[in-house]
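So the structure is just underneath, and the comments pick up after that.
Order of writing sets the chain letters: A, B, C, D, E and F. Residues in each chain are counted from 1.
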Amino acid sequence: MFRRLFAPTIEVSAHCDLPCGVYDPAQARIEAQSVLEICKKVEGNDDPDFRTRAIIIKEQRSELVKHHLWVLWTDYFKPPHFEKYPELHTLVNEATKLAGASGTKGALDAGKAQELLDKIDEIDRIFKETKQG
Amino acid sequence: MFRRLFAPTIEVSAHCDLPCGVYDPAQARIEAQSVLEICKKVEGNDDPDFRTRAIIIKEQRSELVKHHLWVLWTDYFKPPHFEKYPELHTLVNEATKLAGASGTKGALDAGKAQELLDKIDEIDRIFKETKQG
Amino acid sequence: MFRRLFAPTIEVSAHCDLPCGVYDPAQARIEAQSVLEICKKVEGNDDPDFRTRAIIIKEQRSELVKHHLWVLWTDYFKPPHFEKYPELHTLVNEATKLAGASGTKGALDAGKAQELLDKIDEIDRIFKETKQG
Amino acid sequence: MFRRLFAPTIEVSAHCDLPCGVYDPAQARIEAQSVLEICKKVEGNDDPDFRTRAIIIKEQRSELVKHHLWVLWTDYFKPPHFEKYPELHTLVNEATKLAGASGTKGALDAGKAQELLDKIDEIDRIFKETKQG
Amino acid sequence: MFRRLFAPTIEVSAHCDLPCGVYDPAQARIEAQSVLEICKKVEGNDDPDFRTRAIIIKEQRSELVKHHLWVLWTDYFKPPHFEKYPELHTLVNEATKLAGASGTKGALDAGKAQELLDKIDEIDRIFKETKQG
Amino acid sequence: MFRRLFAPTIEVSAHCDLPCGVYDPAQARIEAQSVLEICKKVEGNDDPDFRTRAIIIKEQRSELVKHHLWVLWTDYFKPPHFEKYPELHTLVNEATKLAGASGTKGALDAGKAQELLDKIDEIDRIFKETKQG
């Protein structure tokens, strides 16, 4: 899925508040992928200290997912985008919630992490359409 | 004094991702107030190094405004709130934009800072209604 | 507008090192309130992963309490305040210790968190007197 | 160039210290791309406050480039990689220096930013070879 | 080994909030030394972008000085120390103020930076006495 | 004064990216010493919450070790140093790995922490030679 989404059309795009104009959902996706791998690794490891470390790092990576998605929502997407994609607010809100207490922060659950990745893919699809539009 | 002001009616409300359940728009407002005071101070001071410092700090404080508002939007507000207040998505999106490049980050402008404070007050009104509901 | 919402007399006060002149013990108090709620939530939850997350977040929130109090002590309070309130150094020192290893960082203990909140209230009372003085 | 490098073969790979096993030079590249765009934007803008903001943000983005490259060097690359690519130490060292005082931190210079991007591409080529090997 | 390298008397001492028991005023001193060197470098350089960068970095380094001193004040020094050295509260408070708006943050002034270093040396003398006591 | 306190040979040296020219391996060493003490403290304490806190803090301190060593490798050491000390790349790479998942982050192991300290001492010896050269 990721290969299909990112492969033929990748556009590295801006993300700082100058703004530099470079934004890229890949930033959120890499962190979410990390969360997914953490969940998988814990499944096969019953060392309690390892589990503690996994939770610490999953907490940080989930926060980074939230941050990168918030930046897209506030800094990249403009009113015309929200008009054209009326589901966009809800989509980003749900994605960020999926990286929080009711999602990947709250559970060591690969299923939740995959849900988060799928939501990011949905945002990415809209993002790519707006880059071409 | 603190007790009187904050005592009978205060609702210090949660903001971490346990979640602890403590959220408070005052966090965003204090940072925005700081941005406003920075803008005012620069108006009366033509030392270029002071201006540079003001821009550095205004950048940080504006980022904190964005962060605190994002936390409210993702962690405090729930689907029923967005249903009851259909303007809420746009309101928070506009407020966070007002703390970015097109707002207080992009300008040393007390007017922009006041606009930001007014938006935060609008969010705060909704927040307080939802706490009572 | 803000005044009406938050009570008749509130003075949001500055906290950055320009300095902007905006300081507010509410910043420390909100974090301490969060620590208290975390302790209460853990009492009623025996999931070990939840406990780990609670400790992670309590560590961060306690650190924020220390930081906000340090800022008041160094940036807001001036020599005349320390002269007028000879207990002020000890008070802030004890409050920051209460948010450290011998206090809320070192224990999941709602009692410790309440002690911390009470100390912050004492600092806040002095703070408010100095604002009026 | 970027399209060619990233297009047909992208592998989002791990980067945290669990380790989750997800590493991706795209993280460094996105930040470096941002630095390049900042330099270009300043060329066409003589507002001194804008220039100050550009320097602030360029400083942060350059630091992120360094961090992401350091992570690859320490956490992803292993002794067999350094044996197979004897230039790898020097390459990463030069790339991180290019994001420092003698490179993009020290100058608002699109040429330096492009040099940095080219070095990251060289690292990325080796990275991709090691992923396939 | 470490003792030999760093001399006969050094005591690396603890500084985290476990607490690990390792504290060392050298942490504050290194940052303050950096601030001093920054001030000197700017004296001999009239490039305005360099000056901007110097102010950005001086701001960060001064903040680190404050942080390291606060940690000593709260985490290392105990009530018996404050009893034995009644000037200690004021000393640390003055040192942290010297790293703030009225000190090294507020000015590109090697004299201020030297004053800060001298204060840190005074704190360090007391620190060393308490380690031996 | 500082020289007297810290011994006849210490040279506090610069570490920011202005660059200020102040670098000092003591920064990495203090954090590594903290990691060692944390490991020792846990050996004598079977409270699971304490262990969780130890892992959290050890994670942070290990990351600081990595950061300080990376700064030396990129910002302090120059091509002539790498020519004169051909083992330097490998040495720093191994030291940073020792503060990562395969070292002090991955284990509560005083032996690993001591290995890390020994590596830092090796880097420090080279550092001191280059300062005199």
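Criterion: contacts are C-beta pairs under 8 Å (C-beta built on N, C-alpha and C of every residue); 3 or more make two chains touch, one makes a residue touch a chain.
Values in this document were obtained by computation on a predicted structure and should not be read as measured data.
In summary, the chains found to touch both chain B and chain E are C, D. Note on B-E: its contact pairs, compared by residue number with those of A-D, B-C or B-D, agree for more than half at B-D. When the C-beta pairs in contact are tallied for A-D and for A-C, the bigger tally goes to A-D. Of all chains, B has its CA centroid at the greatest distance from the CA centroid of chain F.
Although chain A and chain F share one sequence, what matters here is the overlap of their interface residues, and that overlap falls short of half of the numbers used. As a whole-number value, the distance joining the C-alpha centres of chain E and chain F reads 20 Å. Each chain gets one centre point, the mean of its Cα atoms, and the points for chain C and chain E are 24 Å apart. Between chain C and chain D, the centres computed from C-alpha atoms are 40 Å apart. Counting partners per residue, chain A has 17-18, 52-53, 56, 59, 105 as the residues that reach two or more other chains. Chains touching one another form the pairs A-B, A-C, A-D, A-F, B-C, B-D, B-E, C-E, C-F, D-E, D-F, E-F. Considering their complex, residues 49, 52-53, 56 of chain C touch chain A.
On chain A, the positions that touch chain C within their shared complex are 51-52, 55-56, 59, 105-108. Against chain C, the residues of chain B that register as touching in their complex are 1-3, 5-6, 9, 12, 14-18, 20-22, 24, 26-27, 29-30, 33-35, 37-38, 41, 50, 53-54, 57, 60-61, 117-118, 121, 124-125, 128. Every residue of chain F that touches chain D in the complex is listed here, in rising order: 17-19, 59, 63, 66, 70, 73-75, 82, 89-90, 93, 96-97, 100-101, 105.
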